[in-house]
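Naming follows writing order (A, B, C, D, E and F), and every chain is counted from residue 1.
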C-alpha cells in the first residue's frame, strides 16, 4: 500500500449520475448545502472571478505544489464533457496557476469550469470567455512545471474533501461538494427545500413574521428571552 | 444591575431625528466621517455585497452568537420604517446568517438594509432585490437557532460602538455610525464640508495645486522638506 | 551620506523611454511579468477599485507614514503627463489616503493613475472619473498632514522595489514594475510572447493538448508519473 | 455637544471599587468572563509579550492615531497606583508605540501594566522588568508625536468597549473588561464559579464523565444523537 | 445512505497498530511527513500552547459547530488509553472550547492530548498539567452546548483529512496525520530517514557542503546556474 | 542588460565594515532603527523561533521559489564567517525550507543565523543548537529542489530591501537592515541614542514625566489639547 497518492493519474473514475448533476444545476449552493444537512462547503475565501459566474459538474481533482501548475496540463487530458477541475495545493499558495490558455484547452476537452485553492490570472479574458472560475486569489504570478502532483485522487480543497467524480456546484454564494453517491438524494432534497422557500417568501413579503411562521415564540420564551421597554 | 445584556429585546428605542437622518442620507460616508472629526467608522473589511449598494437609516442593533441567527428573526419584529439592522457577533464568524428570506421579511417590516459583522448568502437574490447589505463575508454556510442574544442593546460592530437609534450610513466607501444625539449637527457639518469640496474640486481641476490651495508650503518647509535635483 | 531618504523631494528623475512605455501599454501584466522572467510583481492584495481599471505609466514614487497623506499633495506637483503615482507606506496601513479631490489634482497635472499600498476612498467618484486606482483597501478613514515622507526616492511597494521613473503597468491581474533601463527589452519580449500565445490558443481551442503542444509527456514520464485505471 | 472626544484629557474618573478590583485579581480571565455571562472579552489576537504576564487594575483609556504615541506620554500623568493603561487606535496599526522608557514612567506613576491594540517594543527589557503588556503585535517601528488623541474617554479596544475606571484583567488566556459598576458582582460570581470548579475537577479526575456530571445524556438524546457501532 | 455524518457517535473504531504508534512516537513530525512522501500535515497555524508540547496517539475525531463544545463532552467517553482527540469545526472559529476541566476528564479517560482547529483556554493550568494541546488560537471565550456534531466520523482538521483511528503526531514543528493502514510503513520509513540524517549531520558539521553531499552541482549547472564575480 | 537576476550566484560581495558590524551588535533593533531615522525594518510578522534569539551579521541574500529550497544549499557555499543568510521568496510561502541539517552546514561555513521570509522546521533542534532564526512561520512542510533562484542579488525580504553585504540585526523586537555604506554611521548614532536613553530612564524612574522631560506641554496646548474634570 502506498503512503501517498503523489505522481498518479487515475484515468477511470466513477462520475456522479448525469441526471442528478443536471438536477443539482438548477439549485443554488446555499440550498444544496442546507438540503444536505449543512455540510460540504468550501471555505468562503473561494470567490468567483466575475460576478455571476456559476458552474455545476463532476470533479476531476488535481493536486499541485505551490508555484507549480504542471499537473493542470496533465488534468486537461482527463476532462470529459461536464467535468469541473478542482485543484488543491499541498500548501497555501496564491500564484496564478491558470489563465486563458488553459481555459481554452479545458473547454476544448469539455471542461465546464475551475475551482482552485490558489490563484488565477487573465481575468479579463476568462470573463470575456465566460469561463467560470472560483479561486482564493487573482495573481499574475507565473508558475513552473517541475514537480509531480496527482490527478483524480481524493483532495482537500479549501477545507472540503473532494473525491473524483463528486458533484461540485459553485455560484455567487460559494462552492459546495456533493458526494457522487448522494447526488440524487441531495438534488431531491434541494428541490423540496426550494419549493418550500417560495411559499415562505410570499408569506414574509406579506408581513408574516418568521417568529410566527417558524413558531419560534415559545422556544424563545422558554430559553428566557425578555422583552423590555 | 445586570452584568450583561444577553437575552433582552428592548422595544422602545429613541431613534435619531427623522429630518437629520434624511439630511445625512444626502452625503457620503467619507464626508460624514470627516465632518464628525474623523470618528465613527467601522473597519474597512465591511464591504457592500454589490457595487452601488448604499443605505442610511436608524439602527436596530442585534447581538448574535457565532453560527446562530436566531436573533435576526427576533429583530425583524422590532424594525420600523427607516431602520437598518446592525448585527454584531460575540466572536469573529463568517457564517451566512442572512439571505433573501430574511431580507424579504425585513423589507416588509420597513427595514432599509443590513450591516452585519458576519456572513450573508443569496447574494444574487439580494442584488436583484437591491436590498443593501454590508458584511464581512459572503458565505453559504447555514446557521442554527439555539442560543439567545439580544436586540437593541449597545453593540460593538466591526470596531464601532453602535447604540440603538443611532444613524448608520453606508456606501461604497464603508460604514459610519452617527450617534443619535449629534445627527443634526453631523448633517450640518457634512453639508458645509461638501459645499466646500465643490469649490476645491474646481480649483484643482484648473491646475491649482493642493500645496497652494491649502497653503502647505510653509509648514512643509518648516518641517524640513528638502527639494533636490 | 544620509542614512535615510526621508524629507526629500527629488525633482529631476529619469523616466523610462516614452516609446517603450507606449509599447508596454499594449500588453497585459501577466505577459510582461512572464516576459521579464517572472519578476517585478506586487503582491496580489493590490486590487483595482473598479472592474476594468488599468494603467501604464512612469512612476513618481511617494513614501508616506500610516494615517498621513501629506506627501501626496507634495507629489502632485512632481507629476508629469504620463506619470503614475506609486505610494508606499512605512508600515501596513489601510487608511483612505486618496479620494476624488486628489484624483482631480493628479489628473490636472498629467497623472494617469495611482498605485497605493494603503487605502483609498470616494470610490464611486473615482469610478465615474475612470481614474484607475490599485490599492490594498478601500476605506473612508481620513488622514492627517503632519509628518514628512519623501517623493521620488526608491520605495518598496506591496513587496516590489520601485525606483522613480520605472514603468508601472496595472490591470485586472495585478501590478508589475518594469525598471526603466529594461523597459524596451521587456516590451519587445512581451510582444514576442503575446504573438506566441495567439498561436497556442488556436491549437488548444482545436483540441491539441498542452501535454503534446509543450512536449511534456517525456519529462512527466521521466519524473515518474504513473497512469492507473 | 461635541461630535467626538478627540483632544480631550479627562482628569477625574470614577475608578472601580478597590476591594472589588482586589478580589477580581484572584481569578482568571476565563472565569470572570464566564461569571459575567460570557461577555467583555477582547479579541484573541491580544497576547501577552511574555509567558506568565498578568495584570488586574483600573483602566486609564487612551485613544491614539496610527503611528503616533503622543498620547501615551499624556496618559502617564493620569495614571494612579493600581491603574492599567488601555490603548485603542483609530485604525489597525502594529507600530511599536511603547517600550521600556514608557514602562519605566508608567511604573513610576503607579501604572501596573498595559493593554494596547497596537505594537510594542523593547520586549526583552519589559520582560526583565516584569512589566505586563498585552498587545496585538511586537514591532520595533518607531512612532511620531504629532496628532492629538484623547485620554480617559470611552474607547473600543480589540473589539471591547472600555470606559475609564473599568476593571481590566489580563492573563495567558486573554483580556477581559469588567464595567466598574458591576465589578463587585462579577468578583462574587467568579468566586462562586471557581469554588464550583474545584469540585468538578476532582470528580472528573476520578473518572466521572461530564456527560453524567452535567446530566447531558437526556438532552443529547432528545437532540437526536445516535450511537452506532 | 445518509447525506451527512452529523449527530452520530461511532463507538467501535479500528485504531492503528499499537506497536506502530509506539515506533512513530520516537520520530519528529518533519521526519514522518518526509518519510510518507511529504503529505499529511495540518496547516502551520496549528501551534502548541506551550514550548515542548508533543504527543503521539490514535485519533478520536470530533466535529463541532462554532462556539459550541458539546461534542467534546461526548467525545470524552469514547477516549481509550493512547488516544488523542482531534477536533474539527464546521467553520472557522477561535472560541475557547477546551480548558483544564476537560483536560482532566480526557486524561482520566486515557486521552493523551488534543489537536483542535479552534481555540482553547486555561493555558496556564494546561501547561502545569503538561497536557499537550495544539490549537489555532488561545481564547477565553466560553462556548454553548446546544447543537449536535459527531464523534468518530472522518473530519477535515486544519486542512488535513483525519479518520478515526489514524495516528496523530504533534510537536514543535506542527501536526502530521498518519493513516492507520500505513502506520507501520511510515514508522519504518521515518526510522530509515532519521538514521540517514545522523550521518548527513556529521558530514555537514565537518564542512562538507550539501552541494557535494547531495551531488547537486551537475543538476544546478544543467538548470543554468551561473556564478559571477 | 538582464531583465532579472534569476539563476545567478554572485561570489564576491562587498561586506559592511567589520568594526561597524561589531559595534552594531551591541545595540538593539529598535535603537538602530530609530538611530537611522526610523527606516530599514522588516515587517513585524518576522519572529524569532525561540525566546532570546538574536544575531548581527552581514547579509548573504538568497532568492527562492515557493516550496523550493534548492538555493539554500547553493548559498551555504557563499557564507563567510560573520554572515547571516537572508532568504526572500518570489511569493508568500510558509513551507519549512530550513532545518537542523542546513543549520549545521551554515554554521560549519561560518554562518551566524538565518532571516527567512518563509517557514522553518526542526525548531527543537535549532533551539538546542542556539542557532538564531527569524521567520514568518514554523512549518514541517518539506520542499523540493527543482527551480533556480539566486544568491547575492538584491532582494525584498519581508518588505525591506536587502543588498548582499548589508548588516542585518535581529532580536526579540524584529529585524532591521543597515545598508553597508552607512553601517558605521548607524552604529555611532545608535551608540549616542543608547547613552541618551540611560539618562532618560533614570529620570523617568524618578517620577519625571515625559511631558516635562521632552517639553511636550506647549506643543500639546498649541495643538488644542483640553484638560477637563
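The definition used in the following text is that a residue touches a chain if its C-beta (ideal position, glycine included) is under 8 Å from a C-beta of that chain, and two chains touch if they have at least 3 such contacts.
Everything numeric in this text was worked out from a predicted model, so none of it was measured.
Peer 1: D-F or B-E: which has the larger count of contacting C-beta pairs?
Peer 2: If we tally the C-beta pairs in contact for D-F and B-E, the bigger total goes to D-F.
Peer 1: Between A-C, B-E or C-F, which shows the same interface as C-D, counting it as a repeat when over half of the contact pairs match?
Peer 2: Duplicate interface of C-D: B-E.
Peer 1: Would you kindly tell me how far, in whole Å, the mean C-alpha position of chain D lies from that of chain B?
Peer 2: Taking the mean C-alpha position of each chain, the two centres sit 27 Å apart.
Peer 1: Just curious, how far off is chain F from chain A if you go by their C-alpha centres, in Å?
Peer 2: One centre to the other, that is 42 Å.
Peer 1: Express in whole angstrom the distance between the two chain centres, defined as the mean CA positions of chain E and chain F.
Peer 2: Each chain's C-alpha centroid was found; their separation is 31 Å.
Peer 1: Can you list the residues of chain A that touch 2 or more other chains?
Peer 2: 38, 90, 92, 94, 139, 141, 147
Peer 1: Hey, which residues of chain B end up touching chain E in the complex?
Peer 2: Of all residues in chain B, those touching chain E are 65-68, 90-95, 139, 141, 144, 146-147.
Peer 1: What part of chain B is in contact with chain D in the complex they form?
Peer 2: By the definition above, chain B touches chain D via 1-6, 35-40, 43, 90, 92, 154, 156, 159-161, 181-182, 185-186, 189.
Peer 1: How about chain D: which of its residues touch chain F in the complex?
Peer 2: Touching chain F from chain D are residues 7-12, 50, 70, 73-74, 76-77, 94, 96, 99-102, 104-105, 107-109, 119, 121-124, 137-142, 145, 147-148.
Peer 1: Quick one: which bits of chain E touch chain F in the complex? Just the residue numbers, please.
Peer 2: For chain E paired with chain F, touching residues are 28-30, 33-34, 38, 41, 44, 47, 51-52, 171-174, 176, 197, 200-201, 204-207, 209-211, 214, 216, 219-220, 223-229.
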